[in-house]
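The block underneath contains the structure these notes are about, expressed in structure tokens.
For clarity, chains are labelled A, B, C and D in written order, and residue numbers in each chain start from 1.
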């Protein structure tokens, strides 16, 4: 479906890293919205399922010049070249797909058979494998939402930009005879929860949505843009070292780039 | 040809003569047994039959309501579909026994009076991974309920609920025909049936991978 | 006791000795099976893999055995398509090794995936864009071909051969083997390549990513090439090993030397291609994504840059040795060369699987290290034990080596 | 016809062909894969109608508005409530994970009594009926009379008032509030403004923020509101200066981080006051005694020596503070879970007073205590220092509600010793927390999502405001509202209370306003703040800094606890979702990690991830070392909020057994005004 401007929708995010405080509300909002399982010990971050993960990055300088910054990382919903995001094109069973209608990279848990090729392909570590059977202690399964299906052991899952909220919003719109959504009708759980208002979500192709202008901020950057993943999550930071940390540069390259800008 | 090979050839010829039609007969017997197992015994073993809590006549109710199926199977304000009615809706008419059917008596006494929801077994219940927008099909595409659910509104009784012992699904998803052959649009409710209809009607092809519908249209 | 089953005119060890050996290896096999069952029943949490290391020991083993099993397709190609008739004396063994390697590869894949019961989705819901789909299809088809190539050998067992049906079948299958060999070579070319493609297309992984021709990254061709070069080395290596164990000459020297010569040339040319690829990747592909080659090998307690040098040395040196007459004739040099050749494939696959996963891509991410769990080790050893058993049985009861009788005349 | 091997072969081939030609193998393949898609042990959430119920979160003193999404009778998601005056749609991670507390296995599901044959804390319980439980408590309290005490996390609102009434009926004045920075704020305001007040900060309108260790982004005040203010500051380019020894999240997001020697914040504040006064930058008058002390003793050079902050920086801070039109100075360490010394509070208040921003827009407000509970005629107040740390062994009974002193008070061992001397402990906890584990009887309250409660005065809010916490779901277990229980017990003992049930009590308390309160979920009152008095008194006693416990020769390092949003520090513990967000540099498996500057670590020959033994005069713990450049050399930081002990074996592996409770290592150092103002303790570190 196309938006009023005639362009296909392209949902994306702009995260203001100056505002992000690393509080973790987005992570929990995501887990609680999307029935993300938990284990008794989640301290091994490499088998801990967090669709949204907040990285703590540092400028690497010694005391007292140390600086930290927090960087929330959902799935980037890479467009790659024409929707061939790194993970989508490698999935052998079409369990993950790129929708030209919304620009969202889907993950169909019941189709996935757990080969993990997509995880190897994703440089953002946005994909998580269910190494363990999801178990909810007795009674706790009452808090599960019926809008998102519960995943089973042995498959890969990841952030869906709370796609079920899009489905619900579209249901309501269709009920009211509309085919368009207002910006506020479809927001991800993390965006909604962020107490700092650091996350903005919307249609990157729609000038009426806040993200349309925000992504043009001269301090905006995307993670690992040089790889050609064409991600749909933008970050804004006023700190140069943070922007530099968004990608890899060989010695002197970043400095040259900065000089060229001036 | 060496002597050894000659001997072997001779033995083979001899064997063929002696057996006559034997192998073919046994082949047919084996085939028949297997076909019997596969086509008759297997479907019987695969599904368990369950009875609904009590019988219900759609046709009777359909005659009494003004708004067709949507009188009871309605849309909520948020666009979601309510599905099988809850006790609260039935109570409007069935606070007390109205008619004379034993089923109604069971309903009123066992459920209404006790405030207990009826544990209906839902024939068309899709697995948890499926998102189905009734709004998109009924409100936007203006499809009739019968196209997917069949002429259930005319039924006088509830058929037994057949449950697949392995998957736990209702048999109506795969369809009554064990070979999966369908004659009506409502005979099967598998993903491919949805996909075929979407393809036929040219519903947006939004997937880069398959040039069909993207998965998130119907999955959650 | 089992002498009726043993091919005519050859000598085998006593049955008790054979059973003892099978029993010992069988115990290892059972250990592997136990670990395999654990993985199937309890899930992949039995391994030490994680979200950063989705591919690990198993996938290396998988790619490794497929590369080493490449001896089958390449020898078959040489024997039936190119017409190197001499190689008929080693082809059976090459096919047997290939069969073992490929069946192991499929077994490993069945353990490695999170939902084995849904494994068939890769065929049913195939995504044509995925290299893994290509791998799955070609691998299965080629495994089919290997079965067809292996069956005649089984049917040539003295007792089975007496049954006319099997006899005729074996005979007829031999007749058409050229067709299968050609098909196998074609399929192998693609799946060996697509395994290389698996890593090479990962444009989010600068260590693995390669530019290439059309949809095929360089690694596609390099993998096929290296399998054709290293597979025969492995075949020779196992031949020599079996000769050592049985204390018999099983394949005539001229046959081995012919295969070694071809493998040598393949290795030599491959090493040049590999060096060219590495240089292009290190100077063009990786820097375009902001990486220095040293970054891929630093910060890592296990893999320094030496692994790259080792890999190149293991292709170049045996290549040079095997193309020289002296290198082939010298027993020590020949064996060293084929071992290095087999090692080259293993190192290459190791790097293309594990190093790819270990290197952090986001600038603030850290190196991922991993140590396999015993379950992973056991399931990796499982195919080795299975291979040993299958070779032992095949060797004992089937005429694997046509020259055995002639090279080891019995005194009776 | 001869039946031979070949016949069987044919039969088999025929059978195989027949099976292949039947649906059996294909359907089985399909069905078995569908089976893996719906493993019977994977839960399938029931579908149904969804709706939202608004309430107020009481998991911290923030009082945020929440909106709970329900599907039929299940609560499935907690979201922020749009338009709520405190939080306006925002929510923190603890609030978001509230359903895990509601449905979690760590709930106390029915009244329980310690088994006769078991010692306290052994975890051997017997189920008893509510009647039995309440009559036993009534009997024991009847015996204990005025030797009964009560501890709660708050002394405001109807439930604390009911407890106070109960105590008053027993003739006991022993109502205690868990110590927090509110104690310091209230005492300071009482001293400076002359009326009982809570501290409120008009964060949104300040245009320069000078924070003395306040963990603005670690949960200080009403966390969501503070976060929103912080973002507003970013938009308006309001400078934020953070002063503390460690690069906390607040420091990391501030415009400037000024590391200061631990415990010297008050000196730094007075140093700044010195510059303001000397340079004539002050905009309002303060008392002469204050001026005198500051002018004489706190010259930048002197202060620089004490604090480790360069004199030039101090002068610069003062100048930029004074240059702003609505500068605001804040204090309260971390979340404010512990009091700070009075001299520090006063020093920081003085900075605000000097800029004339007391009770002014963008400034510091003295918000009068709510007084809507007209039926309360109680005068019950006691301090933790006397009753729980003192030598007093006269208490006969202790009631614990909404508090977990055995976990959250510093010097756990001393608290335990005090509790050991009390013969009868009643816990009203909904969860099996540490103090509940140590009780003789547990009368479990409804969880906060199952009960009514008035929530007055969100922490740090600058206007009078009462929130209403409402039942979102029906009680899940055989629990009772503590209000009801207290009313019943009080009645059983002959106390005069005009209400029979808590709900009536609540309704009647609000009288005419109840309906509006019910509808809006909040009640606000008009409030005209009195003019500032400018009366900041300081004297030699109140200026005496709180000394760190321990000899510096034996304990060369300083241990400070640190707070973080991701460690709620709540008395219950971290719900699974929250603990999941904790970095592996804070909790690694079950090991707690301490932060230490690489330079310090080097002198102890410790590298990252190594085990060490951390010892203070109060206790010792095995810790893991995390090298962190963002901490002053010589200082060790340890997270607060870990180390909960398992309540029900096996059931609460999600909450308990992770790390060490920093309070086991901390002391309860008292400042001259009776505040437990321990901000740190001396410590030593050895390789382990």
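Methods note: a contact is a pair of C-beta atoms (placed from the backbone, for glycine too) under 8 Å apart; a residue touches a chain by one contact, two chains touch by 3 or more.
Since this is a predicted model, take the numbers as computed values, not measurements.
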Chain whose average C-alpha position is farthest from subunit B's own: D
Pair joined by more contacting C-beta pairs (B-D or A-C): A-C
Per-chain Cα centre nearest the global Cα centre, belonging to chain: A
Mean-CA-position distance for subunit D and subunit B (Å): 54
Approximate Å spacing (C-alpha centroids) for the pair subunit A, subunit C: 40
Cα-centroid distance, subunit B relative to subunit C, in whole angstrom: 47
Computed distance of Cα centres, subunit B from subunit A, in Å: 37
Contacts with two or more other chains, residues of subunit A listed in rising order: 44, 58, 84, 89, 91, 94-95, 109-111, 133, 150, 152-154
Subunit B, residues touching no fewer than two other chains: 15, 78, 80, 127-129, 209-210
In subunit D, residues with contacts to at least two other chains: 32, 35-38, 44-45, 47
In the complex, subunit D residues that touch subunit B: 1-4, 6-19, 21-24, 27-28, 31-32, 34-35, 37-38, 40, 44-45, 47, 49-50
For the subunit A and subunit D complex, residues of the former touching the latter: 16, 18-19, 21-25, 27-29, 31-33, 35, 38, 40-45, 48, 50, 54, 56, 58, 60-64, 66-70, 109-110, 133-134, 136-146, 150-154, 189, 192-198
In the complex, subunit B residues that touch subunit A: 75, 77-80, 127-129, 131, 133, 135-136, 139-140, 204, 206-210, 214-217, 219-220
Subunit C-facing residues of subunit D, complex: 29, 32-33, 35-37
In the complex, subunit D residues that touch subunit A: 36-39, 41-48, 69, 71, 74-80, 87, 89-93, 96-97, 99-100, 102-105, 217, 223-224, 227-228, 230-231, 234, 247, 249, 252-253, 257, 259, 476, 565-566, 576-584, 587-590, 597-599, 629-633, 651, 653-654
